[in-house]
Amino acid sequence: MNETTWKTAITEINPNEVRLRGYRIDELMGEITFAQSIFLALKGELPPAGVAKMLDAMLVSSIDHGATPPSTIAARTAVSTGAPLNAALAAGVLSINRYHGAAIHDCMGVLEECLRLFNETGVSMDIAARELLADYQNKKKRVAGFGHRIHTSDPRTAKLFSLAEELGVADEGVAMIKALRKAFLDSGKNLPINVDGAIAALLIDLQMPRELANAFFIMARVPGLVAHIYEEQTRESPMRRIHPSDHVYDGPDPRDLTQMIRQL
Amino acid sequence: MNETTWKTAITEINPNEVRLRGYRIDELMGEITFAQSIFLALKGELPPAGVAKMLDAMLVSSIDHGATPPSTIAARTAVSTGAPLNAALAAGVLSINRYHGAAIHDCMGVLEECLRLFNETGVSMDIAARELLADYQNKKKRVAGFGHRIHTSDPRTAKLFSLAEELGVADEGVAMIKALRKAFLDSGKNLPINVDGAIAALLIDLQMPRELANAFFIMARVPGLVAHIYEEQTRESPMRRIHPSDHVYDGPDPRDLTQMIRQL
Amino acid sequence: MNETTWKTAITEINPNEVRLRGYRIDELMGEITFAQSIFLALKGELPPAGVAKMLDAMLVSSIDHGATPPSTIAARTAVSTGAPLNAALAAGVLSINRYHGAAIHDCMGVLEECLRLFNETGVSMDIAARELLADYQNKKKRVAGFGHRIHTSDPRTAKLFSLAEELGVADEGVAMIKALRKAFLDSGKNLPINVDGAIAALLIDLQMPRELANAFFIMARVPGLVAHIYEEQTRESPMRRIHPSDHVYDGPDPRDLTQMIRQL
Amino acid sequence: MNETTWKTAITEINPNEVRLRGYRIDELMGEITFAQSIFLALKGELPPAGVAKMLDAMLVSSIDHGATPPSTIAARTAVSTGAPLNAALAAGVLSINRYHGAAIHDCMGVLEECLRLFNETGVSMDIAARELLADYQNKKKRVAGFGHRIHTSDPRTAKLFSLAEELGVADEGVAMIKALRKAFLDSGKNLPINVDGAIAALLIDLQMPRELANAFFIMARVPGLVAHIYEEQTRESPMRRIHPSDHVYDGPDPRDLTQMIRQL
């Protein structure tokens, strides 16, 4: 082991043996979902019971949000010039930043600030939330995780919270964002918790480090971007001018999941 | 609808309603895994029974392969200079190309060629495989999906095939790659089917278009790259010289999945 | 020197001495232009007399083409989400591919094909051009370097060719593309040589390898992309919807260079 | 002009007319260098007399720094997997960040801070420099633009400063960094001004906004990265393990510029 030898704790490779965080990857296959393996890769441990289903729901919730997000436009613009799929995907991923996708990260920061107040001063969650909100409003700072350009009551948020209760995953993060929602209402603002806010609360309850918030959104969105890239390649002419909003959906009509589920 | 109006069949966005390929995304959440939602996003339909578990196993198999793949080195090199996570990830994704990650795509091409021969001429799979192999050997072309730098018997391959049998997913793709393996043996070469070859065979049996082969590898590897980027950020000094192979694994000792599984 | 020692012929670094292709970089500074140093870096030798001015003119010709090229749209889309400048630039560079920017590369291929015909068979340039054109028209292949979406007579082309004559740089490449232009006219098509065609002809006469054609366009366009990224950062709100064509120019009014030049 | 119409002040495109910041681009060609056109694109005006040569020298100084910078390693790693040139270049550009390439930006910040002190309080440059240095040393902050891993007396710095004097470009920026150098010496530290520090001082004297500091380094380095990408493509096998430092230079022997210059 010379001076340049460095260390990694993620994956161990030996002839005919690949171990992720200590587990044989061929033993993991068939036993855990991709979502669970993501948690294992990032956190070093398999997720506790219930968390697997929660992770799947969180990742599904953010897999795509249609044709208007700038990451989608950038990926389609790149592939429209003939970029290979990975380059178009990179252009999309490079367009996920402070103003697009970062709400999870920012909202985790808000919640962590509230929880510090709650844990250190002994005030109730409601009071911690109210104080933070007042402080942000004084400083004219936006509270990330609330409000949405399109949705007044985001159905993804409601579902994430009901699953979190059902699976026993909801903890201080979820409680605190609900306290913030109440503080908004008390201040006369009926601002909904958006999907990013819900995911932020859940990532806190899953003890995921905030540095990985953006990664969580990106991992969820990558397959959606791939779908857009492939659709652009197969449906459109190269070098078209891609209008950033003037499009229509012409996919399958609304359909009911109930019947399908029986067969899965 | 003016001249610039364009169409997309992936996601429909209405106030308080997000539909992926026709299904309400809040109904999908909690019912399907992230892997199933990837299939739905890309193929437009939910996967048939059995396929969900197969997809999870395929994605888990490729989530990471340690510190030496060039995509890992490129991502670590970028983040070591202070790149934000998405930029480092993009550098990694940009390093997945013809010589790294493309074996799935190339092997699908080989299998499709064999299957055309099989379906169009009526010869047996064994003969189709033997003819293709002879042709490739004459032209000194490499048959993608066979052999591995490190593994002589890739445990991921065996597991993918046993799961495919068990789940009823294995079809012509799997049969054909096994015929090719036999043809290699008959020609005196004991070349193992590698994990990329196994995934290629399965993607054919899942009727995934070959254009998405590389995407499949990338989607699987993104979380692994994120783990390496985060480890580099949290364990290493900026601007270190990253040796491309001289490293050691210092993560959890080998551990057994059996006990854990009971709790998941 | 162990087994991993590798070699580079570009730059030699010693304490207090940096040599590019053998020349001290501090001696090059003040003596050669950036354009000459680009030639030196890529070709390994300083350009012959006259070529410096030609290179500058070629790079200036392609520095920007307004707001509609997809590389500009992609870079602006990325920076509009809060991407750092280098990430937005990468998104732009990733959008320079087969259908945008590659005409130089493709036209060099056409010219090299014509010149092989000319040099190997002894036919005149006019006949070589006519044969290639007929062949392309039979195969319904487009001849890169001719025609333009906007310009019927590209002023950049005329200037590049007049400079090339004046500087003694024009050789077989320029002669051959003019023969092709004539062949088009003879076939009844008044298709102008576009700026990419002119640059392709000149790169052949500068003996630049075709593999670097795309690089030449990218190197020229990088500063233009930087100007657009900076303008987006300083003039626009984040996350705006960037229409791909509906914009107006509001920069300096048309102005005459003659007076300025005296002072430079 | 509808609600989505947006504005740009960079380039005006009309049929058969391309104007950069008001000047016909075909008139600029042959009259100004690429470096001057970069200044025009970014600043909106042609550079004053003397500045053209200064810009060329600054860009030449940073065109390449051998095989070890992480941007070079990332670009070579990507292309080694078969990435197209633009994708490998993007991987390189994505590796230019806070710890690599950002010294120009950081040093401009230091100099601007000193100059504010100088201009607002009326103290001498020497005192402003000494106060800032003391403050940074108290806070254990590094002063960017001083010191170098390899060079104790960077020949590029000396040349940039002598050219700046000769061309009449040197102003407060250059004077202030020299005051800082003196303050270091007085505090017992013989730290050389590095090339990034020299460029930072000159960008201040050219009134280039600090937001473009990183862009300046990137624009200069892009051709160097292209040279490395092309060398990797043409000299090396795919998928080699690229040692981050163990390489040797085997290009042209040291050679003298004097004889060449006569012919340029």
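Order of writing sets the labels: A, B, C and D. Residues in every chain begin at 1.
By definition in this document, a contact is a pair of C-beta atoms (placed from the backbone, for glycine too) under 8 Å apart; a residue touches a chain by one contact, two chains touch by 3 or more.
This structure is a prediction, so every number in the text was calculated from the model and none was measured.
Smallest number of touch links from subunit A to reach subunit C?
1
Listed by label, which chains are in contact with subunit C and with subunit D?
A, B
Can you check which chain pair, A-B or A-D, has more C-beta pairs in contact?
More contacting C-beta pairs are found at A-B.
Taking all residue numbers at the subunit B to subunit C contact, is the shared part over half or under half, that is, same or different?
Over half of the interface numbering overlaps between copies: same.
Using mean CA coordinates as chain centres, what's the gap between subunit B and subunit D in Å?
The computed centroid separation for subunit B versus subunit D comes out at 41 Å.
I'd like the Å distance between the centres of subunit A and subunit D, where a centre is the mean of that chain's Cα atoms.
A distance of 38 Å separates the two centres.
Roughly how far is subunit A from subunit B, centre to centre by C-alpha average, rounded to an integer in Å?
That pair's centroid distance is 22 Å.
Where in subunit D do residues touch at least two different other chains?
Within subunit D, residues 68, 84, 86-87, 90, 94, 96-97, 241-243 contact more than one other chain.
Which word fits how the chains touch one another: line, ring, star, complete or other?
Graph shape here is complete: every pair of chains touches.
Per the contact definition, I'd like the list of subunit D residues that touch subunit C in the complex.
1-2, 4-13, 15-38, 41-42, 44, 46-49, 52-53, 55-57, 59-61, 63-68, 84-87, 89-90, 93-94, 96-97, 150-156, 158-160, 163, 209, 211-212, 214-215, 218-220, 222-224, 226-231, 233-236, 240-243, 246-255, 257, 260-261, 263-264
Which bits of subunit C are touching subunit A when the two form their complex?
Contacts found on subunit C: 68, 70-71, 73-74, 77-78, 80-83, 87-88, 90-91, 94-102, 238-239, 241-245.
Write out the stretch or stretches of subunit A touching subunit D in their complex.
84, 86-87, 90, 94
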